[in-house]
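Heads up, the next two complexes both have chain A, just with different partners, chain B and then chain C.
The block that comes next holds the complex of A and B.
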């Protein structure tokens, strides 16, 4: 970092990007915010009068509240399951020997790079009435079960898509943990469970928390999974916005819902930063 | 090292099975000779891969995606290297705000970016061209490149640059002959990561594509909502193949675990 040089250089370097991001992030968000206060009329479209009606409708109408409630519920459930699967899996991975450790780490986080449409399609094949899961159910027990187009299907696929986002931060925090510390706890007479609970778990709490917030935020705004595995009737916030924009053509209402989704996401992110900072202060002080 | 017990290994096997199951099933069903989504039992067939190439709209979408992803990744690299130099090397007023602006697309759901860009493009009449779609993709993928470029820049030993300056090299020569080669892994890794993210992007694109600029994931989404046949599995298998190839390349160049773990 040298602050001595002419102060125009950094601005010139950053200007192209800054202009593009202002034009394509800040301006559109501002326009959408304005749009969400406009009156919409099914016959004549967006009008120049302003109103709070869309926000009031979204926050009071049972139809919308139901969808919001489902979104938050499924996102929370996904987050919980990801934490219950992802944290132990990261711990198991960290205790593996090379090359298995690298191979399985890639196997777990590599699917992150495969398009979500592909993964959603894979699950719709597995969970459908003639899919492998139902074949197994027919062969071993309860017979055909309707899974596809239920909330269960959405949660299964969301967990699948979000799991890497939980494994990665927990893995990262485990890398900072010296395995000898856990061994020291055993030598001092702690049981494996006590060592895990009192030594390992406190170290990875931040990883789990950080993963949970990312998973929750991404799940609450997920589009492809609920659209392809929830069917037309089981809507979540993102599919609702899509319908308002593309089918109902009520852009102001869609904009209001999108703004609410954005606010929820930003609140989560800010809360997360607060927690991280508070914790950092505690450890330092 | 402490070994994992049998329960841990069983758990691990189940998790890996869960993670790979949908991808494996797609790759198997893609080779089915039947008309329905079934696993090939007696023999395998390439007919559904051939069917993909009989759909001109899928082929066109594939090339759209390829063009958008390659262009967006390239421009994102240029923007990110310039911005990265500014953010890493200088301390100036507004530096933190600029950093936040460049990383903001990571915090804004793609859904929200999509509707926001749809509004902007509708107002200025910017539809029907790949250029606008690409501009949207640049915004989404630049943060990924910027992170890798910043990581590469901060780990850079600057004595080589100083030596070149002492020997009379101009700023541009130093940048081109010293700085760029030294951060090249970050640049190529960032390009590939940007390419993959753009190539796979659905949620934002679905709002801002027009019939002429439909990308492959959007085409697949539209196809999947209407009909489901093994051709969808063949396209998906091809997507998995493209992604896997890029992933192996990334792994060779940068170490995939480093990129992805750094990303979290």
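The block that comes next holds the complex of A and C.
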């Protein structure tokens, strides 16, 4: 085989994917970036002049900052809860016998087959003032509690949607674990809890960290759940961008917010990724 | 009453008995091997002693204490797992130190004992490595050091050498046995390798289908196997069909020298003889004539397959440094009366 052809083959093979990525991700992103610098006038729409006004407005307005802060806070909280529920869940799952393991795994992954919108509506029916949860509260204790259209509702639904993305990576790292390693810790005098903490947990940290990365990224950019369960007033980043585009018709401002959210997300996730990789190098080589 | 005794130990999985009614008494300082093919219940037995599998019935006594239902972390036994089960996120020293930490041994003493254990297995120089940076043999030593550092009353070895290549396996056999003799820890090893069991143990326990078939010193096990199964599982065994006649064992009208007891005249019988008990002479000079069908050079020995009137017979000869008979050569087979035994064909006990 001649060397010129050998060196072009990888490029040719990568070309279809690269073209698709360019057309569907990079071009719209570039257009959004350009749009975010355009002047907007309420009377005449988008103009051909450029300005930094949208960025300045976004970063100096407490209203926007508040929404950004809420987005990061709820995404972090969702990630934390997913880790606290998902890691033990994956562990229990890995200790189950067939056929229960397959059944429960399906129960965890199955919801991914149902549209997020449908699931969000499901939660809004459960959490509403006349929903099942409030009926139960009225029957057994605290009476009617406002859950729907609060941050609580958003976090509950986000946790439900994101859980598989935490369970699967932890489950995968548990699969790689020699089950005898835990038994070895017991025989050396470790209680069940100590063995979990000192031997099992350190080895699935990588799974938890990579699961966290996925859950955080998806939660911070979630749209349907905050839109349907947060109501009109409780906005998160994605719903804010939607509103600027579709209700205010201020596309340049929406674009500026979208770009800012992207940058913040990227910075947080890249920083996190570095921590994860440094740890991986240390413990797994 | 032994130091460690198993008393009617049984484990049922559903209706299937993985281990049934195992009685065994192990003396202090003894090295015992549980030998058998896979699925014979030897590993289950070991795991019941370790506390990782709950027995269905029976008792386990350790130094006069009933540990049948004690949790594994309370038994204090040292276990070397087949996969070694080292903690991959800890260094060699941390791995070895773990058991001492769990026992709340003070730091200074812990460090000293870890060092001592690593010296014992010749790994002192690698204390700060991670398991993934070690070779198979080194990992195995770490596992041994980790099990021994806690001064266990009993050391349990689960197929400790099966993951090593042949040469290393041989070296580690002698080394493990050497360590065991130096520190005198009562040891129980599970293995499917008869060579390992014979070379390392004080006594070998042969198991088949969840039951103990024979408990004996390696030499006696080899020389007087209790059942045909054991005779062919431990070492090689030739079995020649024939009848028990008036003048002894007969095959194709030819009388072959052997011992036999409890056989009635005229009944069919099987003569059992080990390949290394047979010598080759010139054709016509031995008790049986044959022809070399195939020969294999094993380095220290030659192995022949011979065609005879009594059937195919395997013969093993030490390598004397000269070329032995070739394929097709006629030879005579000779053996002494005491080295062959005749028995009833099925399920009978040879004398």
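As a working rule, the second predicted complex is superposed on the first by the 251 of 285 C-alpha atoms of A that agree within 3 Å, B and C clash if a C-alpha of one lies under 4 Å from a C-alpha of the other, contacts with A are read in each partner's own complex, and residues count from 1 in each chain.
We adopt the following convention: a residue touches a chain if its C-beta (ideal position, glycine included) is under 8 Å from a C-beta of that chain, and two chains touch if they have at least 3 such contacts.
All figures in this text were calculated on a predicted structure; none of them were measured in a lab.
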Practice problem: In the superposition on chain A, see if there is space for chain B and chain C together, and answer fit or clash. | Solution: fit
Practice problem: For A:199, decide between first (touching chain B), second (touching chain C), both and neither. | Solution: second
Practice problem: See if chain A has more residues touched by chain B or by chain C, and give me that chain. | Solution: B
Exercise. For A:191, select first, second, both or neither according to whether it touches chain B, chain C, the two together, or no partner.
Key: second
Quiz item: Draw lines from the C-alpha centre of chain A to the C-alpha centres of chain B and chain C: what angle do they form, to the nearest 10°?
Solution: 80
Quiz item: Now for A:183: first (chain B), second (chain C), both, or neither, which partner does it touch?
Solution: both
Quiz item: Where does A:9 make contact in the superposed view: on chain B (first), on chain C (second), on both, or on neither?
Solution: first
Quiz item: What is the contact status of A:69 with respect to chain B (first) and chain C (second): first, second, both, or neither?
Solution: neither
Quiz prompt | Touching partner for A:269 - first (chain B), second (chain C), both, neither | solution = first
Quiz item: Minimum Cα separation, chain B versus chain C, post-superposition (Å)?
Solution: 8
Self-check item: Intersection of the chain A residues that touch chain B with those that touch chain C
Solution: 183
Quiz prompt | Contacting residues of chain C [partner chain A, same complex] | solution = 50-52, 71-73, 75-79, 81-83, 85-89, 98-99, 102-103, 130, 132-133, 146, 150
Quiz prompt | In the complex, chain A residues that touch chain C | solution = 178, 180-181, 183-191, 194, 198-199, 202-203, 283-285
Quiz prompt | Contact footprint of chain A on chain B as seen in their complex | solution = 1-4, 8-9, 11-12, 15-16, 18-23, 25-26, 29, 36-39, 78-80, 82-83, 85-93, 95, 98, 101-102, 104-105, 107-113, 115-120, 123, 135-136, 138-139, 142, 196, 199-200, 202-203, 206-207, 217, 220-221, 224-225, 228, 232-233, 236, 239-240, 243-244, 246-247, 251, 256-257, 260-261, 263-264
Quiz prompt | Touching residues (chain side chain A, partner chain B) in the complex | solution = 1-3, 5, 7, 9-11, 13-14, 16-18, 20-22, 24-29, 31-32, 35, 85, 88-89, 92-93, 95-97, 102, 104-126, 128, 130, 132, 160, 163-165, 168-169, 171-172, 179, 182-183, 210-211, 214, 217-218, 221, 223-224, 227-228, 237-238, 241-242, 245, 251, 254-255, 258-259, 261-262, 265-266, 269
